[in-house]
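Right, one structure below, let's go through it.
The first chain written gets the first letter, and so on, giving A, B, C, D, E, F, G and H; residue counts start at 1 in each chain.
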Amino acid sequence: MELVVYLAGQIHDDWRDKLRQMAKERNLPLIFKGPQEDHDLSDDIGERIKGKQPNAVYRDQAASEVNNLRTRIWMQKADVVIALFGEKYRQWNTAMDAAMAIAAQKPLILIRPESLHHPLKELSQRAQLVVETPEQALDALAYVLE
Amino acid sequence: MELVVYLAGQIHDDWRDKLRQMAKERNLPLIFKGPQEDHDLSDDIGERIKGKQPNAVYRDQAASEVNNLRTRIWMQKADVVIALFGEKYRQWNTAMDAAMAIAAQKPLILIRPESLHHPLKELSQRAQLVVETPEQALDALAYVLE
Amino acid sequence: MELVVYLAGQIHDDWRDKLRQMAKERNLPLIFKGPQEDHDLSDDIGERIKGKQPNAVYRDQAASEVNNLRTRIWMQKADVVIALFGEKYRQWNTAMDAAMAIAAQKPLILIRPESLHHPLKELSQRAQLVVETPEQALDALAYVLE
Amino acid sequence: MELVVYLAGQIHDDWRDKLRQMAKERNLPLIFKGPQEDHDLSDDIGERIKGKQPNAVYRDQAASEVNNLRTRIWMQKADVVIALFGEKYRQWNTAMDAAMAIAAQKPLILIRPESLHHPLKELSQRAQLVVETPEQALDALAYVLE
Amino acid sequence: MELVVYLAGQIHDDWRDKLRQMAKERNLPLIFKGPQEDHDLSDDIGERIKGKQPNAVYRDQAASEVNNLRTRIWMQKADVVIALFGEKYRQWNTAMDAAMAIAAQKPLILIRPESLHHPLKELSQRAQLVVETPEQALDALAYVLE
Amino acid sequence: MELVVYLAGQIHDDWRDKLRQMAKERNLPLIFKGPQEDHDLSDDIGERIKGKQPNAVYRDQAASEVNNLRTRIWMQKADVVIALFGEKYRQWNTAMDAAMAIAAQKPLILIRPESLHHPLKELSQRAQLVVETPEQALDALAYVLE
Amino acid sequence: MELVVYLAGQIHDDWRDKLRQMAKERNLPLIFKGPQEDHDLSDDIGERIKGKQPNAVYRDQAASEVNNLRTRIWMQKADVVIALFGEKYRQWNTAMDAAMAIAAQKPLILIRPESLHHPLKELSQRAQLVVETPEQALDALAYVLE
Amino acid sequence: MELVVYLAGQIHDDWRDKLRQMAKERNLPLIFKGPQEDHDLSDDIGERIKGKQPNAVYRDQAASEVNNLRTRIWMQKADVVIALFGEKYRQWNTAMDAAMAIAAQKPLILIRPESLHHPLKELSQRAQLVVETPEQALDALAYVLE
């Protein structure tokens, strides 16, 4: 039985590619979904579809209409959600996705470096599992699939 | 008819006091609930109740057990949630509370300086109302209560 | 036991006042809630609170942020929803409120002149009760309260 | 992974055909569902199945029993809902479908000419995405599927 | 703390009066709600409010619009539901109310003479408590309130 | 896309066989599920699995444990529920299944001879569609699948 | 604002009395509800209300019908659930109440001696807060109410 | 149509293997899911993935994070849940899984030796079916699939 995994988190490096590669090597029946990983496209998509907006706030709103559409469609199909936090960026959208998973009673795996334990303490306490690396998250999913 | 308002957000300045004061001056039938506002107590409460924990991560977990207990009890009684974001701090717990409100279909008022529009764009797009100051949030609630 | 009644529908005449008056005369324990009935204020409230918007579309969006905040807060407290349709106006927001009540499993009383039966046939078929005048709606609530 | 898209809105022109055609040309894995598009059949179906009704109101009710059956079955299978509004017709059933999607937490794409922004402001503000043409709606779904 | 009890079942004798009387004598903090107990009024209420209908089927439909309005409003306020079945009458509406309570996860007390155990076996098996007399139902509520 | 249809109602004649046959002849992509149609087996299944029970009430309870298990498993997989009522039998379990479908927001098609309109008026008013024969129910499903 | 607290757990000693007493001394606005604390009555209540049952299994079933009625009524009114486990007894009903609270998204405080950490590890991991004494549970509620 | 069955209960003997074997021999279209059956691995998995924990309580917490991840993923996919209790062990996690199934309205089959009827009376009373052996549970599922 395949599981659908939503990969929430920053889109500034290739952590999702590595995770997908690892899953493939281990032959895990996982289907990964997530946000648009091309950062410029992600910021620009609202104006590409809806046309030029009056200012930066509305440009961001237009982009979020489309990006949230994507997130909501795949999140509702996910069996489990992985949310990765890193030192850089504010990642409030990652926190939003993580909390949405908790509220929808979807199991959440939180990945964060130990150094972030303090600002992430409330989210961590309500996650199903907290780990430090994507590899550990995959170990857990492999265990579920055994 | 009184409304219960949960005030999510940082606990490093007295924005809640000011909001409560303004509501009182305007005679608005609002009952405010929110997190523990004594920051040291908030960080320490886990160990005060459960005793010394083995390290800083578990100290944070113990505190979050109690703080999340508080947040969950009052959030589920809230008719509307206000979440305030500022320049300082990561405020992932504020993003969590805001997202929980959205997921529970409770109307969310998001307060943030315009300078934060980009990192908050996804949350803003799903909030019921986005304003820049607590006073504007109160104006909106006054309008609801008219 | 008091019942909370949400009064959805156009705000261009005083049908709500008349309904409130009739309920008072009959001593019915009903608490009425509804949208802002001052039409100019309703259209202007977004810019009053959030400031001038770049164009008419965004002015409308700002107003709707505040008006929908009001509607959502009172709708979730309502025990029963009355939605009134008339010949004038498009009243898509009334249809939205009516459908939201159905979806939330709150009993819906639909008021419409018989002349509107064709365009309202889908909503009528899913309403709990369809009548032609506010007085009939009140008769039904009086019967519930007997 | 295929997505099921419910196409709410008027059935007086061939906008759904065009949308289906465009999706096919772009090889998008979308399954479209929607109301009966044969307008006369849609109005007549109640009496065809249940027999002659006593008057026009009951004829409409009978038709809506069957049409709402169809709408509810496909709406509950939909991953995303598109609702199109045009200048003509009252389209209260479209507003109903759109609001049902919002209430069921299904992402809603609202299509409307900019000229309708005022009467549609409340629905627009709660839609996930607002665009002006079916092509833009498809652009957004293509982006989700990338 | 008071409990709201919905009394589903036939309206052809005075079992509700007796139950209310017994509860009063025992000083139990119970608020009883239920259907219209005046049988003729119950059958006639649709036409009284909506006017003469074209035939007996539509007369019944009109009455049920109003009676179901009443049932739904009070059922959703009930903490516990009592459903009484007797030898006479088909009582499909009682079975409907009982099943609605089960589906809404409201505790159901089923009252029936033992002679009806066979036709009521499926409902009985999913009720929270099955007894034979209203007095036993009240004994159980008294125990809950101790 | 196939639809799963649950067929609630009496098991004393072969109406389900006829319906399945008609669906087959019309090539409708419908999967039918329903209760055990062998009446003796249905009454006896509790004791066959759990052993002899102390009396007829407990024999019925044991049978209902197993029969309700079956009903619940298939009802939760159903896209639409058909409930058939006839002149004979009390059919409280059919009313229960019908009400469960309504409460779970699954579209319900109610089949009953017109002669039963009075005792079934409350259920009929909340069904999605009321018809008099299984053939009409199938006509409606064929229309949905067009 | 008062909070309703359900006290799940064994009824073989007076831990609830002590908790109530402590809450009173600290003037905490808590309303406590819980199971019947008279153990013999709790075991006997089924037969007292329903009459003699054929054997010990059915005697237990009858008692549980009434005791579960009580538990369900108060659990659904509770804002927070406390579940206490001790060394003695199997306490599967306590585990049931605790899990029901988790599933209903009601915050759960689990009280257990540290010696039980291994058999309670799964429940503990999903509780909102785990402590070792009733006094600690009350400290947490006092903190919530500050 | 295949059914997914979650097998909750102790992992100290091979009852799941026997059940799977019996289902295979009878050609039942059942997909079984359940917890990790290697007991040492189940206790150790937390530290294997997350690394050495500070003490036995946190070691157990880490293991439960991963084991509960597994349980939650498969439980939410299950059509029916079987929970087996035996004389040995406290099995509070089995009671948790059983109660979660009840709360999520998933049909629960409870297997227990008759000797355990007293401590399991509350859970039994809310299960859909109570039997004494895995074979009886399979008989019931075979009946469902007929």
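As a working rule, contacts are C-beta pairs under 8 Å (C-beta built on N, C-alpha and C of every residue); 3 or more make two chains touch, one makes a residue touch a chain.
Model, not experiment: these values are computed from the prediction.
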| item | value |
| --- | --- |
| Centroid comparison with subunit B (C-alpha atoms), farthest chain | F |
| Pair exhibiting more inter-chain C-beta contacts, A-H or E-F | E-F |
| Inter-centroid spacing, subunit D versus subunit C (mean Cα positions, whole Å) | 24 |
| Subunit C and subunit F, separation of their C-alpha mean positions in angstrom | 38 |
| Subunit C and subunit G, separation of their C-alpha mean positions in angstrom | 43 |
| Whole-Å gap separating subunit C and subunit E, where each centre is the average of the chain's CA atoms | 31 |
| For subunit D, residues that touch 2 or more chains besides their own | 65, 68, 105 |
| Complex contact set, residues of subunit A against subunit C | 54-55, 58 |
| Complex contacts: residues of subunit A adjacent to subunit H | 1, 3, 79-80, 105, 107, 109, 128-131, 136, 139-140, 143-144, 146 |
| Subunit F contact footprint on subunit D (complex, rising order) | 4, 31, 33, 36, 45, 48-50, 65-66, 68-70, 72-74, 76-77 |
| Subunit C partner contacts - residues on subunit D that touch it in the complex | 56-57, 60-61, 63-65, 67-68, 71, 85, 89-93, 95-100, 102-104, 114, 117-126 |
